[in-house]
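Right after this note come the structures.
Common to both upcoming complexes is subunit A, partnered first by subunit B, then by subunit C.
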Partner chain A sequence: MIKSIIYKEWIKVRVTFAALFLLNVLVVLSISISTGNKFIFFDAATIYSKAIFYQDLFFIDLMFIPFITGLILGIIQYFPEMNSNRLKLALHLPMNESKTLLSIQFFGLFLLFLIYLIDTLAIATVGGIYFSSEIINGFLLVSLPWYLAGFSVYIMISVIFIEPLWSRRILLMIVSAGFINNMFSGIIFVNAIELFSLSLPYFIVLTFILSPLILLSGSNYKRGTK
Partner chain B sequence: MKNNIIIKSLLVVIVVFIASIYLPQIYWKTFPYRYTLPRVYYSPIIEDILILKQVNGRGRIKDLNGKSYSMKEFESLVPQSNYSQLVYDGLLPDSVNGVEFDVPELRKNFFRVAIKPVKVFSFDLLLYPLIESAPDRPNLVYPDEFFTIKDRVKIINASLNEENEVFSTIFTDALKDNGFIFPPKKIFGNPTTRKPFDEGYFIVDNKNDLFHVKRVKDMPYCRKIELPEGTKIVYADVVEKSLQEFYGFFITEKNDLLLISYDDYKIINIPIKSYDYQNSNLNIVGDILYRTISVINDNKVSFFIFNREYERVTEYHDLVTHKSESTQGVLAAYLFPFTLSLSSEKSQFINFYFETTGFGFILFNIALSILFIVFLYLRKATFKDNYAFIALLLLTGIYGIVPIFLIRNFNQSNSGGV
Partner chain C sequence: MNDLVVQVKNLTHHYGKKCVFENMNFEIKQGSIFGLLGKNGTGKTTTINILNGFLEPTSGHCLVFGEDSHNLSPQTKARVGFLIEGHIQYSFMNIKQIEKYYSAFYSGWKKEAYWELMKKLQVTENQKISKMSCGQRSQVALGLLLAQNPDLLILDDYSMGLDAGYRRLFIDYLTEYIKAEGKTIFITSHIIQDLEHLLDYCVILDYKTVLLTMKIQDFLRDFKQYKFEVVNDKIELQKNDLIKNYEIIKNKVTTYTFSGMNEIESYLRSLGIDYKDLHQVPMSLEDAFIGLTGKY
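For the complex of A and B:
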């Protein structure tokens, strides 16, 4: 049963997934070209010093891309379900409803994970050509909260869309905005490496605490549509 | 699907977490509390201090006897700090207390150093530039070599993006020969070429010994600095000023302020009080006659005036109203059971900075719970289903309001707590 649900989800999102994948690849490509150009126009010492003291991230353009990716994937995956109340059918399948909802959500998270993994690998490879490993390792840590923001926005979209009550949806939106905003705190102005080095584990835990909230929305939904 | 108590608790945790970050933040943004601490200058002419204070938004200058001075009088009484204005007015004295007042000299002798907890608790750089201290050019040149020290010195050539193994070896050996124990605890220096000359880096090794390391004509200069027994350096502000009197100011774990002079690394312990490197701000202002050191602890400030031999001339202590004693602060203590902040003035890292402000919030939480009970009564809801919510309000107060409405639907009568 899970297989069929995942197959159904895959058919629904495959075009979007391809498009989002392409978007990420294009951004990474643009980053690698401009980094290459930088090393042609400026001498390496200048670029290194900027990277070290001003934390001039060569992949800063990627910052909101994981967030946008998560947001779009979430909307594409859950909007049709709610728009025509299709989720009702899925919840009437002879399978545990929690399992149904969580498998839909985990499938989306897995797709996001694939995209983010490729982003990270591409950035590490491109960066490795120009920068020493010390810089790259430090820098990759900075991008982790951005990916967490992508995961959390996806999870919260699923929770908000399935929740039937508008007043609750609005409250959940405010809470999500507050939560995701934390992932970008300090970064926009400072770009500082190691900024999150003390608190990142907590943020990872908090992000995955969000995941089961979909069950609460699911039970509200079921109650509402009966 | 059953009513899952665990998921609801998770929702409560998330919402309380978010609320305790943002609600106090919004509150303090709406009702800001700002204060200006007094500033103190020592006048060599009246041989006493002058205090600059903000009174009702206006600056007042007074001496210890309460006598007021105008800005012009103040400037001529403190010529060593206000020399630019005095030159402009044509009032700069030729000499004060036997010290000749000459603008280039005055400028050379003037410096400011600010040491804050946020600088002590800050990130280490990923790599440090290995600046040539004796370049064959008038200015410092930004080098292609960058270093990092872990269990050895690793020097990387930025243009080639590969290790310069010759440099790595000679620098590692130079440190080892001087008794350096890898890996280092801290590296201090000014990794920039925007300074008149370069003194390299001051590195604390794993045994808390301090080493001075720099690159001179592509060769390592390494010198172990003899510190008093048991000294642990936690922070250093390396001062590369054309004055060339000292290498910088060093803070120890015991909150001592040390100065290492150019005179064969002689260590001078500057006697200041009430300094705590984890919480206080330390400002050092030097001029041709005095060293004025201020220690700021929140709303308290202490000034210590020393002469050029670091003998104490005088000191002054003052305080202003603390944030928690202000109207906003008192109210905040009632409203918020605790405050969570992701950033802190005292550290560069994003972390969960938890703060409590007494037990005043209990009153407010009880009031909120009573309001909630009245609300339940008006809605004709049963109390039995809502014990958990009342407990939540008692515990988390203002932060508990949103989760209740996220979990419970009061429009559905007899909603079973969903």
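For the complex of A and C:
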């Protein structure tokens, strides 16, 4: 049954997934080319010192891409479910309702994970050509909250779309905006790596604690608090 | 007791302060076709939503196959086929994909029933549902329900957006479906005339209240329309136990009642109304429905 739900979700999002995958690949490709060019036009010592002392991220252009990816995937996946109350079809299936909702959400998270994994591997590979592994590891740590922001926005889209009450939707939007904003704000600090090392565990835990909120929205939807 | 598929007990629902209905009671027996009739806004879809567990009633109970409708087990859900108002399905799928999708959920899936209907549409397997007409989409939804082969079919306004041909097709398939042993249908429609020869029982809703629950044959036999003319066109009638509804246009009066002509005559005489040409007018189900609920 879960296989069948995944089949339906895949048909729904496959074109969007391909487009988002392409977007991420193009951005990473563009970063690779511009990083290569920097090493042609500037001397390596200047680039290294900027990277080490100012944490000048060569892949800063990627910053909002995981967020945009999560946002678009969430909308494409959940809008058709809520349009004309199609979610009733899924919740009427002879299957545990929580299992149905979590299967839909976990499949979306899995697709995001695939895209983010490719991004990370590509950045690590490109960076590995020019920088030492210590620098790359630190940079990847800094980028981790960007991916968490992507997961978070996707999860919150699923929760907000299914929630039937507008007042709760607005409250969830405000809380989500505040939470996700924190994941980008650390980049302005010079000691970003240290800062992220401290806050990352909290971000990771909080992001995935959000996931079961979909069950609360699902329960509200079933109660029909419209 | 075991042959009761649906039991609605003292069901009351409010949206905020607005009362939709109060103390609704009815039971649906296995093997029957039960119609929920009412004008727009009288709570038909609300009742269907409660019955399918998509709305928690303000008070009262609704049992489907003996289980609380808000907490149906997967086993019971497999026995209930549900048509959402407007024949809503996953329009991003094509007709082959959607059959494959649903078939995994139902052990007794009858794919022949689905494909038999699809053949009549003369569309390819790759036909996307979003590109189909409203009538064709209704056949996809019906085909999926027939393939599911549920014991109880709940149809929320199956006639919405359908022309006469597709409506007739729908009714023909439902008639065939009900012939199978033990199948039960709960149906709403805004086109009452289509249901006249289909329904066994009906509940008629009015704003905030249930007007009646009875066998359709009894309703058509016992509910009568009498017309007469009055000499003085300024008469006053009132709805009561005898006169369920009435209409006065100039000097022509129409009354609706469960009583006989003698009672009506006695009543008119008791009011001192000078009338002539009192006669009964036969009614279709739609006439009777409008007679009971009124035109407004």
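Just so we're on the same page, the second predicted complex is superposed on the first by the 220 of 226 C-alpha atoms of A that agree within 3 Å, B and C clash if a C-alpha of one lies under 4 Å from a C-alpha of the other, contacts with A are read in each partner's own complex, and residues count from 1 in each chain.
Methods note: a contact is a pair of C-beta atoms (placed from the backbone, for glycine too) under 8 Å apart; a residue touches a chain by one contact, two chains touch by 3 or more.
Since this is a predicted model, take the numbers as computed values, not measurements.
**Q** After aligning the two structures on subunit A, examine subunit B and subunit C and state clash or fit.
**A** Partners fit side by side after overlay.
**Q** Have a look at where A:D43 lands relative to subunit B and subunit C in the superposition and call it first, second, both or neither.
**A** first
**Q** Counting residues of subunit A touched by each partner, does subunit B or subunit C come out ahead?
**A** Counting residues of subunit A touched by each partner, the higher count goes to B.
**Q** Contacts for A:L93 in the overlay, against subunit B (first) and subunit C (second): which applies, first, second, both or neither?
**A** Second partner only.
**Q** Given the touch rule stated above, what does A:S185 touch, subunit B (first), subunit C (second), both, or neither?
**A** first
**Q** Identify the partner contact of A:R223: answer first if only subunit B is touched, second if only subunit C is, both if each is, neither if none is.
**A** Both partners.
**Q** In the superposed arrangement, does A:I118 touch subunit B (first), subunit C (second), both or neither?
**A** neither
**Q** Pick one for A:K12: touches subunit B only (first), subunit C only (second), both, or neither.
**A** The answer is second: A:K12 touches subunit C but not subunit B.
**Q** For the superposed arrangement, tell me the lowest C-alpha distance between subunit B and subunit C in Å.
**A** Superposed model gives a least subunit B-subunit C C-alpha distance of 5 Å.
**Q** Under the contact rule defined above, give the subunit A residues that sit at the interface with subunit B and also at the interface with subunit C.
**A** Touching subunit B in the first complex and subunit C in the second, residues 222-223 of subunit A appear in both lists.
**Q** For a test of understanding, state which residues of subunit A touch subunit B in their complex under the given definition.
**A** Checking each residue of subunit A against subunit B gives 43-49, 51-53, 97-98, 129-132, 134-135, 138, 165, 167-168, 171-172, 175, 178-179, 182, 185-186, 192-199, 202, 206, 209-210, 212-213, 215-216, 218-220, 222-223.
**Q** Write out the stretch or stretches of subunit C touching subunit A in their complex.
**A** 15, 49, 52-56, 70, 74-75, 77-78, 80, 82, 84, 86, 88-93, 97, 100-102, 104-106
**Q** Which residues of subunit A touch subunit C in their complex?
**A** That would be residues 1, 3-4, 7-8, 11-12, 80, 84-86, 88-89, 91-96, 221-224, 226 of subunit A.
**Q** Please name which positions on subunit B make contact with subunit A in the complex.
**A** These residues of subunit B touch subunit A: 1-4, 6-8, 10-11, 13-15, 17-19, 21-22, 123-129, 142-144, 146, 148, 156, 158-159, 161, 191-192, 342-343, 348-352, 402, 405-407, 409, 418.
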